[in-house]
Amino acid sequence: MEALFYVFSIIAVFSALMVISMKNPLTSALYLVLCFFALAGFYVLLDMQFLAAMQILVYAGAIMVLVVLIIMLLNLSKIKKIKMDLHQVFIAMVIFIILLVEITIYILNGSLKKPTGIYTHALINKIGNTQILGEFLFTKYIFPFEVASVFLLVAIIGAYLFAKKKY
Amino acid sequence: MLDISQVYNINFLEEGMLSVIPEAIVIIFAFIVLFLTFFEKLSKSDNPYYLSLISIGFSMLYILMLSGRTIDGFYGSIVFNRFSVFLFIGILFSGFLTILMSKNYIDNFEVPLPEYYSLILFGVASMMLLVSSNNLIMVFLSIEFMSITAYILTGYLKGNLRSTEAALKYFVLGTFASAFLIFGSVFIYAATGHLNLYNIHFFIVNIASKGLVNFGDIKIYLAIGLILFLVGLAFKMSLFPFHSWTPDAYDGAPTPVTNFMATGVKIAAFAIFLRIFSLIYNFNIMDFNNILWMLAILSMSFGNIAALMSSNIKRLLAYSSIAQAGYILVGIIGGGYYGYSGTLFYLLAYVFMTAGAFAVVIIFENFDLMSLDIKKYSGIGYKYPIVAAAMTFFLLSLAGIPVTSGFMGKFYVFSAAIKSRYNLLVLIAFINSAFAAFYYIKIIVRMYMPDKEELIASLNGVQRGGMSGGSDQGKPSGDFGIVNGKINEELMIVIFICLFFTLLMGIYPQLFINFAHNSISSLWNI
Amino acid sequence: MSINGYLIVAGIIFCIGMLGVLMRKNLIVIFMSLELMFNAANLGFVAVSNYLNLIDGDIFVIFVMVVAAAEAAIALGIAVAFYREKGTVDIDKAQELKL
Amino acid sequence: MDAKFIITWLIPLFPFAGWFLWGLFGKYFKGYSGYIASSFVVISFILSSILFFIVSYTHGFTTTLYPWIHAANFKAGVSAVIDRLSVVMLVMVTGVSALVHIYSIGYMQDDKGFARYFSFLNLFVFSMIMLVISNNLLLLYVFWEAVGFCSYILIGFWYEKKSASDAGKKAFIVNRVGDFGFAIGIFLLFITTGTLNYETIFKMIPSIPSITVTIIALLLFAGAVGKSAQFPLHVWLPDAMEGPTPVSALIHAATMVTAGVYMIARFHVIFSYSQFASEVVLTIGTFTAFLAAFIALTQFDIKRIIAYSTISQLGYMFMAVGIGSYTAGIFHLISHAVFKGLLFLTAGSVMHGLAGELDLRKMGGLYSKMRTTAITFIVGGLALSGIPPFSGFFSKDAILADVYNKGFYFAWVIGEITALMTAFYIFRLIFVAFFGESNLDPEVHVHESPKIMTIPMIILASLALIIGFLGIPPFNNSIFYSFLHVDFKNAYNFAPFVNSTPWYILSLISVLAGLIGICTAYLLYIKKVVNPETVKNIFKPIYALSYNKVYIDEIYNFIIVKPVLGFSNFLWKVIDISIIDGAVNGIASGFAFFGVKAKRIQNGMLMSYILTLTIGVAALLFYFFIR
Amino acid sequence: MDFFIKYLLSILIFFPLASVVLLLFINKKNEGLLRNLASILSLVEFIFSVYLFVYFKPDTYKFQFVEKLNWISTFGASYFLGIDGVSLFLILLTTLLTFVSLISSYRYIKDHIKEFVILMLTLETFMIGTFASLDVLLFYLFWEFMLIPMYFIIGMWGTGRRVYSAVKFVLYTLSGSLIMLFGLIYIFILHYDQTGNFTFNILRLYNTHIPINLQILLFIALFLGFAIKIPVFPFHTWLPDAHTEAPTAGSVILAGVLLKFGVYGFFRFAMPLLPAATLMLAPLVIIIGVIGVLYGALVSMVQKDLKRLVAFSSVSHMGFIMLGLFAMSAISVDGSILQLLNHGITTGALFLFVGMLYERAHTRQIADFGGIAKKAPILTTLFMISVLASIGLPGLNGFVGEFLILIGSFNHYMLLTIIATSGIIFAAVYLLWMFQRVMFQGITNPQIESFQDMDLREIITVLPLILLMFLIGFYPAPFLERIDPTVVHFLSMISRHGYVHNLIKLKMGLSNA
């Protein structure tokens, strides 16, 4: 298990780095998909196979396809021409390092609450993670679920309005 | 095998549904308005506009009927109490005024109307949800909901480069800040094991008082989580240094939307921050008061200083809103019954004075970009005395001169802070509001004491050429709010409503103070 | 694996996403970086949830995904609209609104 | 309300009413205002005389019109003290005023501001009467300033002349300098005694530490120095001659300028309890008498010569009050009022006849053309020179004799020299103007003044002849002394007589001094034994000193006026505009500067926006880190 | 009638506001009607205020015409009105000067008459409200809003750098009053901490016990607010600008009433609320006041602009008032309060005359004038009376006040009083010099040749002020007898709580050091 964690970690971090450093956005997109797969791997390790599936379906499947589609739709060669500004990269790196150090130090120094819940590894496997998620989603979190539907509708209207050529 | 229906009371619908009916009314009407798109005839007329107004009215009525009750709905995801009632009213007023002032503005542009009004209604609903949400998931979801309507509305003027650019900037920055918000929630969750605000509150109060868990250990996670969460909220509240979207988004957005962002988004964000602050932050986890203290000072100083040199009225009001955020924060820092009710009072006062100012901006706006320059206001004191007088009052209110709600609000929050002995903070705030008066007065100077040549130019109706907003050329060049020398009625209604409340809250604030007090008393009524 | 490991990975990915937003000028890449940041948070939620033997965090992830999807739609819509007007997705070209 | 009350308050009421009438309705009265104004003053004079007899045969009294200021424990009423001193002064003031009023009718006949003139003149008479009868220091101070104000407006009566308005202003301001000291003296007196009422103060004086009394006396004397034009504040009086001549006669010879002497006589209790202060009074008086006479020697403006002579004679009076001979001082005051008023009126008559000419060098041989004027002038001159039997002889001699007999020999010597010089300069004036060859402007039609002017002159001349006989028998046996001494019996006798040189020896010396002066003038200007020009050349530095008034105006200009103006300019230009306002505007522009900087943060670059946001996050986390 | 007397203060406050509402309905073009109606209404207001004087009981320090209504019960703020001997006269002064300045502006204000009269009457409401309110919050409400009409009056009808001056005026005074508000709120909170009740009732706030070092800080805060308003020496630079550029009516109100608020604030708030600090810092304040006396006088001396000269003379006069107030002897405080009145009357009149000169010659430069006395004898006479009153010539009002101030202060601050007394010399110098250059001498400017004397309206404008100068000069008793009990009570309030003992110790410490 630990080995898998490291493998996924390395893939995830590496692909994330590649996403932001590739000149061609299309390459970045492909690395992002790779990263999402690695994250899906994590979810499997953490007993959330359903989420892993969702990750791949929603992110790699839907969002990334959309991204790639847009990249193709817009003129790719023009998009590729956007150069990075070294000055800006330098400042960004400094901030990045500072924040990374800070967050890491905090994470290493702090500790979580003691586990108190009942949904142990065994219980999740017994009931099945999909079922538990479903039950939570349709009971305790029914209202956010409903709101999310309205939310998505609004997003659809928005996307439609933005992407439309002319009113 | 666990039966979840035993753990949670399935029978939530009866009580719980009541708690979201105000939102539901608005959302249902939003759908109805949206459906008007399908009928070309209906969508071109004023129907969406009237429907939207009616929905706000219904929602308001319902709230007033329900006020005084406290309802926890949907397993504690949503809470309806007097606190929400106060803010619902503020938000509904903000929406109401926005819709009123949109009518005239939006008609000038060839944009689909039903979508616009339904989006405003969705925005109102999302803000109401945000105010009443009691769960980090709900908070996150409503913030995103609110933001997304704001993004869309900001970029609503299709073909207008400024509008699109504003949406772009707002979107990138907003999403970036949201990322911090969720990342912060992770740590809060990690430290407390809860997503429900009340549970988190109890958890913190318990461990803090009884020492059940080693507080020191989880404190770091809690603190980092709260800091990152604060970033997300501070972004919405446009506090320095998370303010940077404000001027650009305010500037580029259609003016009614700017008003919506300045009033609705702001009070919703402050309201949820106030709730979360009073429930979670305010418990000695770390000295958040100090952080807020600095944010408040930076916000007001930056906002005021930047506004000093602005000549674009919308940007000026944006900077001023940053400064106002700083002042409002003073009330939260002041804390306690007094400070929180002061914050609410200030928020309500802020809605009216800002909406009034934006209504005046709309009146004198046109397709020419120069119409946003404060030079445009030269001599309107003589041409349109009522509007100018109203504008003067709004600006004075923003500056915190007595007899206006702005003064009472400032007085309220500042005295709360003095009560908690944040003397230096209040002193700096006072100094700030002294020199902030300069840029508000600058506009008044334009209106009443223009240079001779400027006055002549404005009286002759000479428009200055210059930067023109993209593809807007060839459109009629009259000011939006003025038809045949008469000022649009809807805008006048907005101005009068705002003026009425600005003065009422300034002269006899007791009504509103009682209201705010009652609301605050429900904050702890868990 | 200890929970801290997951959180550190999440933190690193989050920071990388942030770095991407900070240093890239391509709107599409910036958007992808934002997705990275969201996903880092997701990872954190799942890990914490698992560690605490709770489910709420996992539910949060679902909502984050919903939001991410919606935002993807909006983002790409804005990108298209911007591209139509400017002929590029270089955000440095967004210079109408300043001062 | 008894008769005394009514009479007392009617005296000032008439001129007061006159002031209002002519001030407000002057233009409706036209020329009559002069006659009515004069008759008002004459009525006052008659009432004063009645009061004089009442007081002479009964005793003094005080009477209150109304309580004026009443704030906490500070009380001051409008009330009068009527004793022998004040009635003497009253009679003198109203009498001379009445004559001057009558004279003015003729003198000011053609002036546009006729009514205004009488209005101010009446106001002055009112103020002077009130000054004389006031019963407390505040009231005294009020009218002390009020007469100063009247002097200001009357000097500047011909305001279109810059020199006239300048002179008025100068008079007012210089007087204010003196009043500054006077006011502080009053404050000090108030805090030491708790009251400003004369009687109470005088009762308390013996119990007050002598140093305090000295300071109070000196401060009060400062006021007198200003008002009575003593050195170093004498500079305003010569300039004051810009005013109409009757004004000079009334205000700057007979009445107002003597207020200082009157005041010291009134406060004899205070002054006599402080020997030092009295000696200062004596010294200043002596010095001023000499200095003014010295300056008068070489002047050519006839009014100025008389003005300097006034200063000089006032010096004599201060000598008298400085040695405790209050009656002698008041006696000289009265007689001086008469003969100096006479001199001014006649000088005015000369001006009237010569169309306003004042320069001695442009006169000569006037005796034949204006005989009445000349004779009355000579009477005045003789009285001034102290030639018996004119009044000046008796009064001045009484002072000098007291000075000698009380042992102030040096002052006596100076006094005699001054007497010599006095006789010289006044007869220089007489000889040059009225005798000798004529240097007149041929276009000027010289004529004698009308009756309305000459009659007051004649009355004054006859008074100058007879009034001196009040001073016999000499010393403490005289009519005047015995009449007035009652009021000074509270004085502390700080300077007892040390000699008892018979009066006739001292008088002889004085008369001799006067005669020598007259003879010298005669020899120089009539006989022309020596050409005055040669004398001038011999004593060139001294002559220059005298001719330029010892350069005192220039010195003041150099050490006071210019530095003050320079300093004021510094305060305004540097402190006010540059430093204070500069700081205020600097703060404003500082904010503007930051405003520009702040706008630069908002540069439209999305990257920098994100950067600020991120830096904010990093800073917040860092803040947690350092905690 | 009973009703009228009982609610007289409210009527006084809201009558002008009601007048404003009435005027709003009059057509802008009907200028004559607007002017006349506004003047008549302000005259009616003045007559109402005379009732205040008539029904005022002179022999008590207690507040009279008291009205109390709940306003903001949460803060313990109430609509609490009442006057004592001090505010009585200041209200009378306000109503009189408003009337005077309204009729004085018939010629000066040519455009936007409707706005002008409305602003003037609004200003009157707020000025009277400030003097009449006994509730700190209410006071502040009136106090600060007052700036706005004044700002418009300067900015809209001013001359030259009017906008700069108006903005400077607002920002300067606003800064001060906000810091003052800070101090007031602090006291309010302290009172809450001690009693558990929120109240803005000044009579109750007087009982707040404040530690001495805190008192000093609070005093500084209040001092800034009030001192800027007065203005005291280093904070005065807004005054010359505002005065110079304001229209005549504005200058009159500004000098006549607005400057009084600072002193009134000290009298009503700063000193009784913070007695220990007052006693401790009094010497410093007096030093500042005395500096102001000399500074104002010296700077006036070299001014070339008439209005600026009069403005700086205000600085000097206000220095006297500060001296008297902080010397804290009954006489000097009486004198200060009386002088407050006098300054309003005298300087108001001076500004009226300067305005008349400006209307005729269209210049304010002293050098451009000369020889006016010949053309306009009435103007000259009345102007001279005002100048003399300002100089402090006995028999006119200025003297009584100045004399009482000086004689009252002399006991406690001998040297400073002597220095201040020298100010009377300088006053004579600069005012007479100005008067001479303007009114006397020959005519050099051809514009003066066509100079007209005052007409009946102008005489009516200044006549009440001139009469008051004489009245107070000759018979100040009606004024002093009403002021005196209030002042005595005021002093007894400062010396309460046994602070005096501490003060004596402190003073000795200071003198030893």
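For clarity, chains are labelled A, B, C, D and E in written order, and residue numbers in each chain start from 1.
Operating definition for what follows: a contact is a pair of C-beta atoms (placed from the backbone, for glycine too) under 8 Å apart; a residue touches a chain by one contact, two chains touch by 3 or more.
Bear in mind that the values here come from a model prediction, so they are computed numbers and not experimental data.
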item: Two chains sharing the most contacts, counting C-beta pairs only; value: A-C
item: Where chain A and chain D are represented by their mean Cα positions, the distance between them in whole Å; value: 103
item: Rounded Å distance, chain B centre to chain D centre (Cα mean); value: 78
item: Chain centre separation (chain C, chain E; CA means) in Å; value: 64
item: Where chain B and chain C are represented by their mean Cα positions, the distance between them in whole Å; value: 25
item: Residues of chain D whose C-beta touches two or more other chains; value: 588, 599, 602, 604, 606-607, 610-611, 614-615, 617, 621, 624
item: Per-residue multi-chain contacts in chain A, two or more chains; value: 88, 91-92, 95, 99, 103, 106-107, 112-113, 116-118, 123, 136, 140-141, 144, 148, 151, 154-155, 158, 161-162
item: Numbers and ranges of chain C residues touching at least 2 other chains; value: 3, 7, 14, 17-18, 21-22, 25, 31, 48-49, 51-52, 54, 56, 59, 63, 67, 70-71, 74, 78, 81, 91, 94, 96-99
item: Chain pairs that touch, as defined at the top of this document; value: A-B, A-C, A-D, B-C, B-D, B-E, C-D, D-E
item: Chain D - residues contacting chain A, complex; value: 607, 611, 614-615, 617-618, 621-622, 624-625
item: Touch list for chain A against partner chain B, complex; value: 103, 106-107, 109-114, 116-118, 123, 126-127, 135-136, 139-144, 147-148, 150-151, 154-155, 157-158, 161-162, 164, 166-167
item: Interface residues, chain C side, partner chain A - complex; value: 1, 3-9, 11-20, 22-26, 28-29, 31-33, 35-36, 39, 42-43, 46-56, 58-59, 61-63, 65-74, 76-81, 83-84, 87-90
item: Chain B - residues contacting chain D, complex; value: 168-169, 172-173, 176-177, 180, 223-224, 227-228, 230-231, 235, 240-242, 244-245, 247-248, 286-287, 290-291, 302, 305-310, 435, 438
item: Residue numbers on chain C that touch chain B, as the complex places them; value: 3, 7, 10, 14, 17-18, 21, 27, 30-31, 34, 37-38, 40-41, 44-45, 48-49, 51-52, 54, 56-57, 59-60, 63-64, 67, 70-71, 74-75, 78, 81-82, 85-86, 91, 94, 96-99
